[in-house]
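Order of writing sets the chain letters: A, B, C, D, E and F. Residues in each chain are counted from 1.
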Amino acid sequence: MKLIVAVIRPEKLNEVLKALYKAEVRGLSVSRIQGHGGETDEVETYRGTTVRMKLQEKVRLEIGVSEPFVDVAVNAILDAAHTGEIGDGKVFVLPVDHVYRIRNREADRAAVTPIPNPD
Amino acid sequence: MIHPLLTLPTLATAAAPALNGADTAWMMIATALVLVMTPGLAFFYGGLVRSKNALNTKMMSFAAMGFIGVLWALIGFSLAFSGDGKWIGNFAYLGLRHVGLAPHDPAHTIPFLLFMAYQTTFAIITPALISGAIVERMRFRTYLLFIALWSLLVYAPVAHWIWGGGWLSAGHGDVGVMDFAGGAVVHITAGVAALVAASLLGPRKDYSRQALLPHNVPFVLLGTGLLWLGWFGFNAGSALAANPQAVLAFVNSLLAPCAALVVWSLLDMFRGGRITAVGSATAIVVGLATITPAAGFVAPSSALIIGAIAAFPSYYAILYRAKTRLDDSLDVFSAHGLGGITGMLLVGVFCRASIGGVPIPGSTDGALMGHPDQLGRQALAVLVVGLYSGVATFVILKLVGLVMPLRATGRQEDRGLDIGLHGEEAYTTGEGALLLMEHERPVTTSANPAGPKPRNLVEA
Amino acid sequence: MIHPLLTLPTLATAAAPALNGADTAWMMIATALVLVMTPGLAFFYGGLVRSKNALNTKMMSFAAMGFIGVLWALIGFSLAFSGDGKWIGNFAYLGLRHVGLAPHDPAHTIPFLLFMAYQTTFAIITPALISGAIVERMRFRTYLLFIALWSLLVYAPVAHWIWGGGWLSAGHGDVGVMDFAGGAVVHITAGVAALVAASLLGPRKDYSRQALLPHNVPFVLLGTGLLWLGWFGFNAGSALAANPQAVLAFVNSLLAPCAALVVWSLLDMFRGGRITAVGSATAIVVGLATITPAAGFVAPSSALIIGAIAAFPSYYAILYRAKTRLDDSLDVFSAHGLGGITGMLLVGVFCRASIGGVPIPGSTDGALMGHPDQLGRQALAVLVVGLYSGVATFVILKLVGLVMPLRATGRQEDRGLDIGLHGEEAYTTGEGALLLMEHERPVTTSANPAGPKPRNLVEA
Amino acid sequence: MIHPLLTLPTLATAAAPALNGADTAWMMIATALVLVMTPGLAFFYGGLVRSKNALNTKMMSFAAMGFIGVLWALIGFSLAFSGDGKWIGNFAYLGLRHVGLAPHDPAHTIPFLLFMAYQTTFAIITPALISGAIVERMRFRTYLLFIALWSLLVYAPVAHWIWGGGWLSAGHGDVGVMDFAGGAVVHITAGVAALVAASLLGPRKDYSRQALLPHNVPFVLLGTGLLWLGWFGFNAGSALAANPQAVLAFVNSLLAPCAALVVWSLLDMFRGGRITAVGSATAIVVGLATITPAAGFVAPSSALIIGAIAAFPSYYAILYRAKTRLDDSLDVFSAHGLGGITGMLLVGVFCRASIGGVPIPGSTDGALMGHPDQLGRQALAVLVVGLYSGVATFVILKLVGLVMPLRATGRQEDRGLDIGLHGEEAYTTGEGALLLMEHERPVTTSANPAGPKPRNLVEA
Amino acid sequence: MKLIVAVIRPEKLNEVLKALYKAEVRGLSVSRIQGHGGETDEVETYRGTTVRMKLQEKVRLEIGVSEPFVDVAVNAILDAAHTGEIGDGKVFVLPVDHVYRIRNREADRAAVTPIPNPD
Amino acid sequence: MKLIVAVIRPEKLNEVLKALYKAEVRGLSVSRIQGHGGETDEVETYRGTTVRMKLQEKVRLEIGVSEPFVDVAVNAILDAAHTGEIGDGKVFVLPVDHVYRIRNREADRAAVTPIPNPD
C-alpha cells in the first residue's frame, strides 16, 4: 500500500476529484494548505506595512491506495492538475506499513492486492 | 407602554386627536430600531452556537420576521389590541381593517398604523427569543409552527392582559400591573417558554459530554451592539411619544446595562480572575432585559441600582444551569426570564409617581417610597404570566409533537442543521462542490450516484 | 418622493417656507439610514462571493460612497434637481451653489441642503447596486470610471425625469409617473444596467464549470438586516417629512418584505423541501425593492399582497438565470430589476388617492379602484427607463472599454481580486508574510528576489 | 457643541425653558447613534489585530461602555458640566443629583438628563479610542484602571474647559475656542494620549520583526460603517437640537469623509497602484475626525475641502510611523490626533458667522473671510489640550505602573491576550476542549493533571 | 518509529484524545480536513446553484510513536473512533526514518525502544 | 528522497522560512494544525462551561528533499524553530518512494542525487 500526497492548485481540485472518480479511486482526504515554490510572490500593503507573501493557497490530497492503483491515481492527478504554469504542485508517493478501516477494524494488509485492472 | 385610555370604547375616539410630527418621527425610528433587534438577536445567538448550526440559529430569528410579521398584522394585533375584553381582544382589526393613518386613541399622537407597526416588531422578537433554548436540535418547520401558535396563544393574550386593556392593565380597575416595555409581556413569557421548550425537547446529543463552544464571539458582540441600539427604541419608544418619559426610559436603558456590565465583570473577576467577552455581552442583555419593565417608571439613579442588582440572579443561574441536564442552550431563561422577573419586581420597589417634580404617567410610588402594594401587583403578574406561558407552551409543544417530530434527526444534529435542514453552509470554500444539473436535483439529500459500485481501493 | 412643486421656478420660493423641526429630525435620521444601506450592500454582496474577492466586492460599494458622493454634490445633484428642463437639469447648483439651509421649495419643510444630502445617499447606492452583476472579474479602476459616468449619464437624467420635474414627472403635464422612492429611478436603472454589464463583461472564468458559493452567509444576513433598517429611511424618508404618508411608506416597508419572505420560504419548501438562508435574505431585498415605488401610495393590506406577488418573478428568474450563460453573478436584475418593474406596475394597480379618508399626496386611484390609466403610465415608465438605462449603459461600457480593459487579468481572477487589485486579503494570519523595507517596495507585484537561482532540491 | 449660556449660574435657569419634541426625538436618536460608535470602534480595531487578540481588543471598547459609563454618570459629568470654574466643575451633579427631566439651561430644549446621556456616550468612546495604540500587549485590568483615571483627570477637565464653561470656552471671556463636536476634546486628547501610551508600554514583542496583519478586514469595514452612522449623531447631535446648524453639521459629516476617501484613494493609487480597503476605512475615519470640530461652523463646500486636506497629514504620518519603533499599533495618533489637529486649525480658516444668510450660532468668520484671529485661538487650544493630555497621560501611566504591571506577560502576548486575559477564543471549533467539572476549575491557568509523568513515547 | 495518520469523525476527537491519553500516548497533532469516502453526499442549494458536496468534515491525527506503542495507539483509535456507520475513517501507519525534538535537539533514534509495556 | 514533516510554533514560521531559504531549500507546504504535547493546558470559560484546551496552535511544514539536503533542512529547522521552552515541536523524516512535478511530469527519481554541496 502507498499513501499518495499531492499538492495542487485549489482551482484544480474539482477536476482532480473527477479524474480520481473516473479512475475508480474513492477514498481520499483533502486539506487547505499554503505552499511555497517557484511562483512569484505577491506584495500586500496594510497601512504602512508592506509585506511579501511567500505562501500561496494550495490544496493537499492524501490518498491511500493499494499498489496496482498507485500509477493510475498518480497519472490521474498529473493530468487533471496540470496547467503548465509554475505552481502546479507536486505528488509524493510514500510507503505505508499498515492500513485500518475504523468502521469494521479490517486490517487491510491483505487488502493491498485487489484485482489490478478496474472492473 | 402606557395606554391608559386603550380601554375606552374605540369608537369613542371622536375628538380627532392630533398627530404630532415629532412623536411620529420618533416612533418611526423607534420601530425601525426594534426591528433591527431581531437580526441583532440572530447574531447574538448565532455566534454562540457551533458553526455547523450558525445559519439555522440565525434563521430562527429571520424567519420570525416573515411568519410572525404577517401573522401578527393579519390576526395577532387584533387579538391583542382590540376591544375591551378581559382576556383577549376581538377580530375588529383583522387583516388591518380600521387600522389607519389617524391616531386611534385620544391619548396617542401618532397614526394607529404606526402603533401597529411598532407592536409588530415586539411580536416578532418575543418568540425569536425562545429559540435560544432549543438551538442545534429543533426541526425547523416544527419551530415555525410552534412560534406561530405561541404568538397567537401566548403572546397576544398576555399583551392584551397588560397592554391591551385586559385584566392586568391599569385602566381596567382590576390589577394595574406596571410593565413599561415588556418585562412580563416579552421577557417572562419568552423566558419561561424557553425553559419548557428546552425540557420537552431534551438536551442536545452531545450536551454535557462535549464542550459546545461559541464559534464566533465577535458575532455575539456585534449582536449585543445591535440589540442595545434597538433596545433604545424598545424601551424609549414605549412612551409612544418623544416626551420626558421617553427620555427617562432612554437614559435608564443606557445606565442599567452599564451597571450590569460593571457588576458582571467584577463577578467574573472574583470567580475566575478574568473578565470574559461572552459574559460582558450577556451582562448587557441582562441589564437591558431587567430595566425593560421599569425603564419609564424609575429614576436614573435607581436604574443604575437595578442594573447592578440584575447581574446577580442571572450570573449565578447561568453557572448553576450549566451543571444540570437542562439544556436551555443559550440560557434564555437565566438572561431574559430572570431579567424580566427581577425587573418586574424591582418596578414595585423603585417606581416613582413623579421624578424631580415631573409627574410620570402610568406610574405610582413604590415600596421605597413607602407604598409596597404595587410590589404585590407586580409579583402577581410575574406569577400569572410565568405560569400561563409555561402551561400554554407545554400544551402547544405537546400538540405540535403529535403532528410532527420536534427534533431533527440524530444524523442532522451530527452533521449540523445548516446542511441538514437548510441545505447550506454558513462558511464554505466551495471545494468538493460539484455542480448539479437541474434534472439531477433530488428533493432531499441524495445518495451517491448508482452504477457499478466502485471498489474502494484500500479495502480488499 | 413627491415634489409636485419642484417644477415651479425656484426663484419664486419667496414666501419664506418654514422649517419644521420634526421633519428635519426625521430627514436627518432617514439620510443616515440610507447611507448605511451602502455598507449593508457591501456585506450582502460581499458575503455572496468567494473569500478571495470579498474585499473587492465590498470596495465596490465603499468606493461609491467616496467617488459618487463627491461627484453628486459637485455636479450630479444639479443635473437632476435644477431647472425646469424636460430631459435634464442645469448647472444652477454646481458645486452646491445656492444649496442652503432654507427650504428650497414652498412644499418643503427641511433645509435644501438636507434634501441634497438625502438625494446623495440615493445617488451613491444606485450604481453600487450594479456591482453585484460584475463581481469577481471587473477591473476596479474601470469600475470607478464606469459608475462615475453612469451616475451622470443615467442616474441623474432619470432622476430628473421622474423626481426633478422632467418629462415623466407629475407636475409637468406630460406623463405623471408615480415612483415613490425609486422603483424606476433606482432599481430599474440599476437592474437593467446590471444585465448589460454582465453580458458585456462576460461570465467569470469558472462560471458554470465550478460551483461558486457564498463564502460567508452570516455576512449576507447582516447585510440584509442593515439594508432593511436603511430602507425605512429610503422609503419613509421619501415623504420628506414625518407625516402620515411617511408612516404609510414606513409600515408598507415593514409588511411587504415580511410577506415576500413568507412566500419565498414556501416556494423554497415546495421546490427543495428546505427553507434557505440565502433565499430568505434575497426575499427580504426583493420585497423591499418591489414596495419601493409603491410605499407611499398603497394601503398596508396591498403592501402585503405586493410583497407576496413580488416573490414569484424574482424567485423563478433566479432559478432560470443560473442555467444560462448570463453571469449576472448576484442576480441584480432578478432581484432589483424585476422588483422595480413589478413594483412600478403594481403601483398602477393598487395605488389609492386616499386611504381611510386621509388623502395621499401625489397619488391617484389605480386599476383596482377602476382607473387603469395610471397602469399605462407606469408601464411606459418601465419601458422607457429600462430601455434608456440599457442603451446608455451599453454605450458607456463600450466607450470605457476603448480606453482601458474592462476585466481583470485571468491570473488576478484566479488568485482573487483582493490580492490582485487591492493588495490585501480579507482574512489573513500573516503567516509567510515577510516585512518589506520601503526601498524594496515595488509599485506592483514583484518577482522573487534575483540572485543565484536556487536548485529546487526535489528536482534534478 | 454650543452652550453659550452654560456659564450662567445654573440656578438662574428659572424661566422654565420649554421642551421641544422634535429636538428631544433627535437627541435621543443622536445619543443612540453615538453609543453605537463604540461597538463600531470595537470592530474597526478588532478587525485590524490578529485573531488571537480579537476579543481583547473588542473588550477594550465594550468595557469602556460599562466602567466609563457608570463613572461618568456618577462623577465625570459633574466635573465637566457643573459650576462656573475655569479649570474644572464641582460636585453639584454627583450621582446625577439635580439632573432631571427639565432642560437645565434656557438655551436648551431637551431634558437635562438627555444632555447627560448624550455626553455619556462621548465620555465612553474617547478613552476607547486610545486603546488602538496599545492593543495586543496591555494588561486588561491595568487598562481599566488607566481609562478610569484618564476619564476623570483628562477628559472631564478638557471637556469643562471647552464645553463646560471653562477657560477655553466662548462665553468665559478668556479664549473662545470653537470645537463643535470634539476635535480637541475627543480626538486630540485621545490621539496624544495614544502616542504617550504607546511609547510608555513599548512595542509589541514581534513588532517590526514580523508582519502583524489585520485578521479580518471585513470587520474593519463593518466598524467603519457603524462609525460613520454613529458620527452623524456625534456631529449633528452636537447642535443639541434638530435645527439648521444640526443639518449643517450633518451634511458636512457626509461630505468630508467622501472627499477624504477620494483623496486617500488617489494617494494609494499613486503610491502603490492599488486602492486598499484598509486605507479606505482609515480615510473615512480621518475625514470624520477632521470635520468633527468644524462640522457646525463651515459651509458644505468647505467641508469637501477640509475632507480632502485631511487625507494628507494622516496618510503620510501613517507611512512614516510604520518605519519607526513607535508602535502606536492602529495609528490612533495619525488618524485621530492629526485629524483633530487639522480640523481644529481649519476651523479657524473656514469658519463662517453666517452661511447663505443664516447666522451660525457660536461661530465667527475665519481667516478666509479675513479674520485670522480665530485661527490663533484654535492653535492655542491645540497646543494646550495636546500638551495637557500628553503630560497627564504620562503621569497617570507612570503612577498606574507603580501599582500593577502595564503589560501582559510575554507568554500571554505570544499565545494571545484572548486566551491569556479573558480565557476565551474569538473563533473556536471546540476541538480538544475537555469539559471541566466545577471542582477542577482553577482560578487561573492550570498545569496538566499530575500523576505518573507519562513517557512521551517518541522520546527515550 | 512510526507515524500514525488517522482520519476520524470530528465528533469523535475528544473520545480519541481521551483514549490516547489513557494509553499514555501524549504527543500528537490534529488538523481539520475534508474527506471523501463511502458516505452519502449532501446536496446544497444557493439561489439557482445546486451542488453535491463530495467532501465531509473530518479530523486528521498525526502521532509519532515508537514501535512498542504502535499497536496500543492504533487500537485506542480504532476503539474510540468507532461508530459502525460509513464514514468512520481510516488509520495509516507509516515508517519513519528519524525523529527530532526541537526543544533540545534530541535525535530520537535511540528513543524508538522505550520500555515496551506501559506501567 | 525524504519528506520532512515538522511541527513548529506559529510565531517561529517566518524564521524557519528564512532559514530554509538560506539553506537553499525552496519548495515546501505549510498548514495550520493544533498540537498536544507537554505544554500546560489553557483553561477557558464560556458562561457556565469551563473547558481545558488540550490543543495548541502549531504550524506543520512538509518539505520534500533529496538525500543530501535532509540534514541541511533538518538542521535549519532545529535551529530556527528553537526556543528551549516546552512546545517547540518535532521533526519527522519519512521515506519517499517517488516524487513527481505536476507542471512538467518530471518523475523525480533521478532527481534524488543533486550536487550534494550547495553552491
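The rule is short, and it goes like this: a residue touches a chain if its C-beta (ideal position, glycine included) is under 8 Å from a C-beta of that chain, and two chains touch if they have at least 3 such contacts.
Remember, predicted model here, so these are calculated numbers, not experimental data.
The set of chains touching chain B and also touching chain C is given as A, D, E, F. Copies chain C and chain D of the same chain sequence form an interface built mainly from non-equivalent positions, shared numbers / all numbers used being under half. The chain pair from C-E, A-B or A-D that repeats the C-F interface, sharing more than half of its contact pairs by residue number, is A-B. The geometric centre of chain A is 18 Å away from that of chain F, both derived from CA atoms.
Centre-to-centre separation of chain B and chain E, using mean CA positions: 44 Å.
Look at where the CA atoms of chain A average out and do the same for chain E: the two points lie 18 Å apart. Taking each chain's centre as the average of its CA atoms, chain B and chain F sit 51 Å apart. Within chain B, contacts with two or more other chains are made by residues 20-22, 25, 29, 210-214, 216, 222, 272, 274, 276, 278, 323, 423-425, 429-435, 438, 441, 444, 456, 458. Counting partner chains per residue, chain F shows two or more touched chains at residues 14, 17, 26-27, 30-32, 34, 36-38, 44-46, 49-51, 54-55, 64, 90, 94-95, 99, 101.
Taken chain by chain, the contacts link every pair, so each chain touches all the others.
Across the complex, chain D meets chain E through its residues 429, 431-434, 452, 454-460. Listed in rising order, the residues of chain D touching chain A in the complex are 211-214, 272, 274, 276, 278-279, 282, 318-323, 331. For chain D in complex with chain B, the residues that touch the partner chain are 19-22, 24-25, 28-29, 31-32, 35-36, 38-40, 42-43, 46, 54-55, 58-59, 62-63, 65-67, 69-70, 73-74, 95-96, 99-102, 110-111, 113-114, 116-117, 120-121, 140-141, 216, 219, 222, 226, 418, 421-430, 433-435, 438, 441, 443-444. Residue ranges on chain E touching chain C, taken from their complex, read 44-51.
Residues 1, 10, 13-14, 17-18, 24-27, 30, 32, 59, 64-66, 69, 99, 101, 106, 108, 110-111, 114-115, 118-119 of chain F are the ones touching chain C in the complex.
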